[in-house]
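Working notes for the structure below.
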Amino acid sequence: MDDLLAGFAELFAQYDVLAAFWVNIQLTFWAAILSLVLGTVLALMRISPIASLQWAGTAYVTIFRNTPLTIILTFTYLVVFAQLGIALSDDLNATFFWYAVIGLAVYHAAFVCEAIRSGVNTVPVGQAEAARAIGLSFLPAASMVILPQAFRGAIAPLGNTLIALLKNSTVAVAASVANETSSLMRTMIEFRPDLMVAIFLLFAIGYVILVIPIGLTTTWLSTKLAVKR
Amino acid sequence: MRKHTMGLLAIAAASSLVLSACGGAEPGEPTGDDTAAAGGGETIRIGIKYDQPGLGLQEGDTFTGFDTDVARYVADKLGYAEDQIEWVETISANRETALQNDEVDMIFATYSINDERKELIDFAGPYFVAGQDLLVSVDNTDITGPEDLEGKNLCSVTGSTSAENIKAEYAEGVQLVERPGYADCATALASGAVDAVTTDDIILAGLAAAEENAGKFKVVGNPFSEERYGVGLPDGSTDTCEEVNAAITEMIEDGTWEELVTANTEGTGYVPNDELNPPTPDECE
Amino acid sequence: MTASVLFDTSGPRARARARVGNIVSALAVLAGLCWVAYVLYTKGQFAPSLWQNAVSAEAWQFYYLPGLQNTLRSALFATVGAVVFGIVFGVGRLSQIRAVRWFSGVIVEFFRAVPVLLMMIFFYMFFSAQAQWIADRPFAAVVVALVLYNGSVIAELVRAGVGNLPKGQGEAGLSIGLTPGQTLRSVQLPQALVAMLPAMVSQLVVVLKDSALGQIILYPELLRSAQILSSKEQNPLQALVVVAIVFIVINWLLTVLAHRLARLLSSRTAGATIEGTGIGNPAAVAGGPIGGGPGPGSGIGGG
């Protein structure tokens, strides 16, 4: 046990585990905001009156929901960085960080869209009819009547998407983000293979600690905010 | 309803049967039959790179490059015909573990001999001496050595320490890009997104000579390290080491070494450093 | 549903406006694509040889197809394993014995929270160090990581599937003298499994996508074989496009299959079929305040 503790002390002195988790948290935070915006727009497109918008929304969801995230993130490097040469910062590490944020957002927006659509399905038809009856056209009806209720109904699936996003932020390594948890865990295990299981458990428990509050909060929110019917 | 459960179980059982019938597929082995047994005297498992033009590259169902040719020669001297060689992919990051965990019998994969690695495994050879260098665009004249990389973007592969060495010793302000393969580096170099690619000169030469890259890149030609490529062996293989060294010496003496170097660097304009090459194998420990 | 209650069928003026909007946005998208295409063109990415080498017979025979075979092999093994794992621990969470319930709960919640990539890297290194009798360790690591994660998701599906059945099903089983365990096994579970089948097909999409992470531990799956191909042909972008298309087509077909199954099987179970969302935990979607059967407002979504 003393050996284990000494080993851990040495590992912690050499590697900054919290900093690695902080990178994943930041990736998740920014990607969550971006994907929520993008996903809401996509959901609006899919329920909108205009056929071409519906089609575009459906096409987006079909393509990005079915592509492995690794491939999307590799594209950010191969196309956006290597070909288009769009630098988002003077610092390459920051550039790759934002590529990863965008790649994660593009992928998860498809799931946010589906979550919101499932939320829309919980809104009774009467609500839409009432909105129309008082003379609201599509956008006001959607933004003032349908979406606020849909979001409340979509909290559980949105929470699941957020959890998935947090876990998927480890794949950012494919977009050349080198200082997040999966790379650090690998380096640490290579450095101290004898502590392999303990190192894995350390990272795994780190994720459990991050995921469980999200799960509890969304469950609590979804009951608290559920529209009484 | 019991019938239902049984039906589902039967489906699960049937599908696992189907699954076990379709075995794994090695790249370049479309038939996918796993005939090679682990260990044993029948085959020899040799670790190589699969993704380095000129050194170890999968081309269809065969493997080409200098490392694979040397491996074939040495295996032949040890009594293994070519069809008894089982090629295994070893990347830079997992070479020591592959030997320690008995995944391979020996490694020919641009494997530099150093003291840190010697503590974990044994080396035979060296059979070649390369040096770390830079690959730049053919019309680039600013970058002539690692000191010129200050503020530039430098690409290398994940798990190699060559880029970090430059950052630590020559140019603190260099920005590093790590990718899983050199092809990712080469496309970024071709488009100008990175300024240089670094690793051993012979690897860079192979990369520059790949068909699609012809005429686009040049190796700077100012090597700033000495990389002595050895044959990786599991710890405590002194006897095998002696045999491998004998084979390498013979290969150099009978002119095969020269032939293989020429054949594999043809068209790259690469000439090995003749003060260091061909090397004399070290004493086995 | 063809018309939505959210808007009227467009009149001539709205149609004209939509047409203008369509043209303008199509032009904007087209301009963006043209710019990307132009830059790619100036960088030489449209050189015919790059694309020919990415789709040649040799590329398929020696790289993509063996890679795809490995991808499918890992996905199928992982799915079968995950279903077994999921049924065992899903039933465990419904057990009468508190310790079993508690233990299954901890296992399921733990493996749902840990990123698959971390598990893959760990198991790869762990098997290499501790379990050398496993011949194909990258394969084993990919499958074990996928089984643990997806099995936990399926365990939740099993629980939700049983929970979604009308109460009368369990009561009927008890009233004819079956024990609670027998009721679960012979009455509730078979119907729940039928209800879950579409969600399991959706989960196969998740498994397939996640199997591409095997590339990071050198499992020679589709993405890794494309990387090796591109080392030879120096065409990483083109090879990746081919691989992306292969994944999208296979996963799209599976999604369509899941949708069909959901409709086909809805008559074979007393509960509602669960389709799954292809991410995270579909069970919570089904078990939460929404999706618990066709609600009163399920028509708004339209197309």
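By letter and in written order, the chains are A, B and C; residue numbering begins at 1 in each of them.
Going forward, contacts are C-beta pairs under 8 Å (C-beta built on N, C-alpha and C of every residue); 3 or more make two chains touch, one makes a residue touch a chain.
Owing to the predicted nature of the structure, the values given are computational and were not obtained by experimental measurement.
**Q** If every chain is reduced to the average of its C-alpha atoms, which one ends up farthest from chain A?
**A** It is B.
**Q** Most C-beta contact pairs, which chains?
**A** Comparing chain pairs, contacts are most numerous for A-C.
**Q** Just how far, in Å, is the C-alpha centre of chain B from the one of chain A?
**A** Spacing between the chain centres: roughly 37 Å.
**Q** Please report how many Å separate the Cα centroid of chain A from that of chain C, as a whole number.
**A** That gives a centre separation of 16 Å.
**Q** When you check chain C against every other chain, which residues touch at least two of them?
**A** Each of 43, 125, 129, 215-216, 236-237 in chain C touches at least two other chains.
**Q** Two or more other chains in contact with one residue: find those residues in chain A.
**A** Chain A, residues with two or more chain partners: 78, 82-83, 85, 190.
**Q** Using the touch rule from the top of the page, what residues of chain B touch 2 or more other chains?
**A** Those would be 184, 187, 191.
**Q** So in the complex, the part of chain B that touches chain A is made up of which residues?
**A** The contact residues of chain B facing chain A are 93, 153, 175-179, 184, 187-188, 191-193.
**Q** Along chain A, where are the residues that touch chain B in the complex?
**A** Against chain B, chain A makes touches at 77-78, 81-83, 85, 91-93, 96, 176, 178, 190.
**Q** Give the list of chain C residues in touch with chain B in this complex.
**A** These residues of chain C touch chain B: 43-44, 47, 49-50, 53, 58, 61-63, 65-67, 69-70, 73, 76-77, 80, 83-84, 125, 128-129, 132, 135-137, 139, 185-187, 189-191, 193-194, 215-216, 218, 220, 225, 227-228, 230-237.
**Q** Residues of chain B touching chain C in their complex?
**A** The contact residues of chain B facing chain C are 1-2, 4-5, 8, 12, 15-16, 19, 22-30, 32, 38, 50-53, 57-61, 89, 91, 94, 97, 101-103, 180-184, 186-187, 190-191, 210-213.
**Q** Write out the stretch or stretches of chain A touching chain C in their complex.
**A** 46-52, 54, 58, 62-63, 65-71, 74-75, 78-79, 82-85, 108, 111, 114-115, 117-129, 131-132, 137-138, 141-142, 146, 153-154, 156-157, 159-161, 163-164, 167-168, 170-171, 173-174, 181-182, 185-186, 189-190, 193, 196-197, 200, 203-204, 207-208, 210-212, 219, 222-223, 226, 229
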